[in-house]
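The chains carry the letters A, B and C, assigned in the order they are written, with residues numbered from 1 in each.
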Amino acid sequence: MVYQQTFQHQTLGRGTANITRRAEEILEKSGIKTGMLNIFVHHTSASLILCENADPSVRADLEYFMEKITPDGDPGYRHRDEGPDDMSAHVRTVLTNSSLTIPFNNHQLLLGTWQGIYLWEHRTHPHSRKITVTVYGE
Amino acid sequence: MVYQQTFQHQTLGRGTANITRRAEEILEKSGIKTGMLNIFVHHTSASLILCENADPSVRADLEYFMEKITPDGDPGYRHRDEGPDDMSAHVRTVLTNSSLTIPFNNHQLLLGTWQGIYLWEHRTHPHSRKITVTVYGE
Amino acid sequence: MVYQQTFQHQTLGRGTANITRRAEEILEKSGIKTGMLNIFVHHTSASLILCENADPSVRADLEYFMEKITPDGDPGYRHRDEGPDDMSAHVRTVLTNSSLTIPFNNHQLLLGTWQGIYLWEHRTHPHSRKITVTVYGE
């Protein structure tokens, strides 16, 4: 069995949003008991991560890390059509994930206690991001 | 239903090659309508990314970024059996993907407008790279 | 068909452990012939990589690389509840994989000759890590 649903998420500019509940709702609607859930983001300047879900400073520190290794406006970047955050957003996307696959059982995602699914917007301005969740199993 | 096909891609040395059309052809041949397509590269010094497909300078900037954080010939690397690009190729592979999973519907990959599937050769010399595409769904 | 099994792996502190054989054993038990195998680690400070499996200095060099770009005790990190390796372990997890999907055929994982599946412990102290393998196919 395969169940698929696409939704939009409005971001607030650079930063992370916990979308675990959205994925769980789609899993519940699918009625599928055991298998894999895939989340896919249809963009090249926003990405997905599984990250610690308790202390918000973890996500702040991830921003600090990315700014250290791929700062906005790096003079070595030639692709800057949409501003100083354009190329660094592509790099941050390539270093993380466009697609995450997570197992489930008894209609429940098998996430660890501290694992949350986060959409990571890498552009400084807000964007509407398209996400597809595909559930497959039996 | 599962459909699987393996092919070889001859690279030209370090750089990216758009293999989206190869994946789409295998999806069409599978006859499967809705599900997930997985692409897997059988090597530890070449990888897969979903990347902006319009401006070639994006991929040039990705090379610049990788050279900055993991330069060829880094004196800290001990593994250099096959030359100065040996270990940096392994690092670049680990930082990107050996495996990508992409949803499809109505026999079409659900890629965003600007998303292309790229094989990224990290060795400076040309190589023949083995890639397996697995399509599963209904 | 879907087959799922969870196991614990006791790590020895920071470093990599080859878990390819564990994944292969679960694939054999599943009896499924062709499809995809997913490995998932339920933690945010340990991760999975596909890595060169012949020369141990490759994994030592990967540690060197990570220490260079995200050193323990980086004064820019605010999240340090569990010590100087706490936040760098989260960064290393985000840069690698919590989930790997690998194709198989004739009951055999289609890994390249030099590809091994490694659990990468990013904390300096030993931990018991929970891993779920899901096999799906026909």
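Quick notes on this one:
As a convention for this text, a residue touches a chain if its C-beta (ideal position, glycine included) is under 8 Å from a C-beta of that chain, and two chains touch if they have at least 3 such contacts.
Not measured: the values here are computed from a predicted model.
Residue numbering shows that chain B and chain C use the same positions for less than half of their mutual interface. With angles rounded to a multiple of 5, the C-alpha fit of chain A against chain B returns 120 degrees of rotation. One finds 20 Å separating the Cα centroids of chain B and chain C. Residue positions of chain C touching 2 or more other chains, listed in rising order: 69, 95, 97, 101, 136. Chain A contributes residues 1-2, 4, 6, 38, 40, 42-44, 69-70, 76-79, 81, 87, 90-91, 93-95, 97-99, 101, 130, 132, 134, 136 to its touches with chain B in the complex.
Touching chain C in their complex are the following residues of chain A: 34-36, 49-52, 55, 57-58, 60-62, 64-65, 68-69, 95-97, 100-103, 105, 110-112, 114-115, 136-138.
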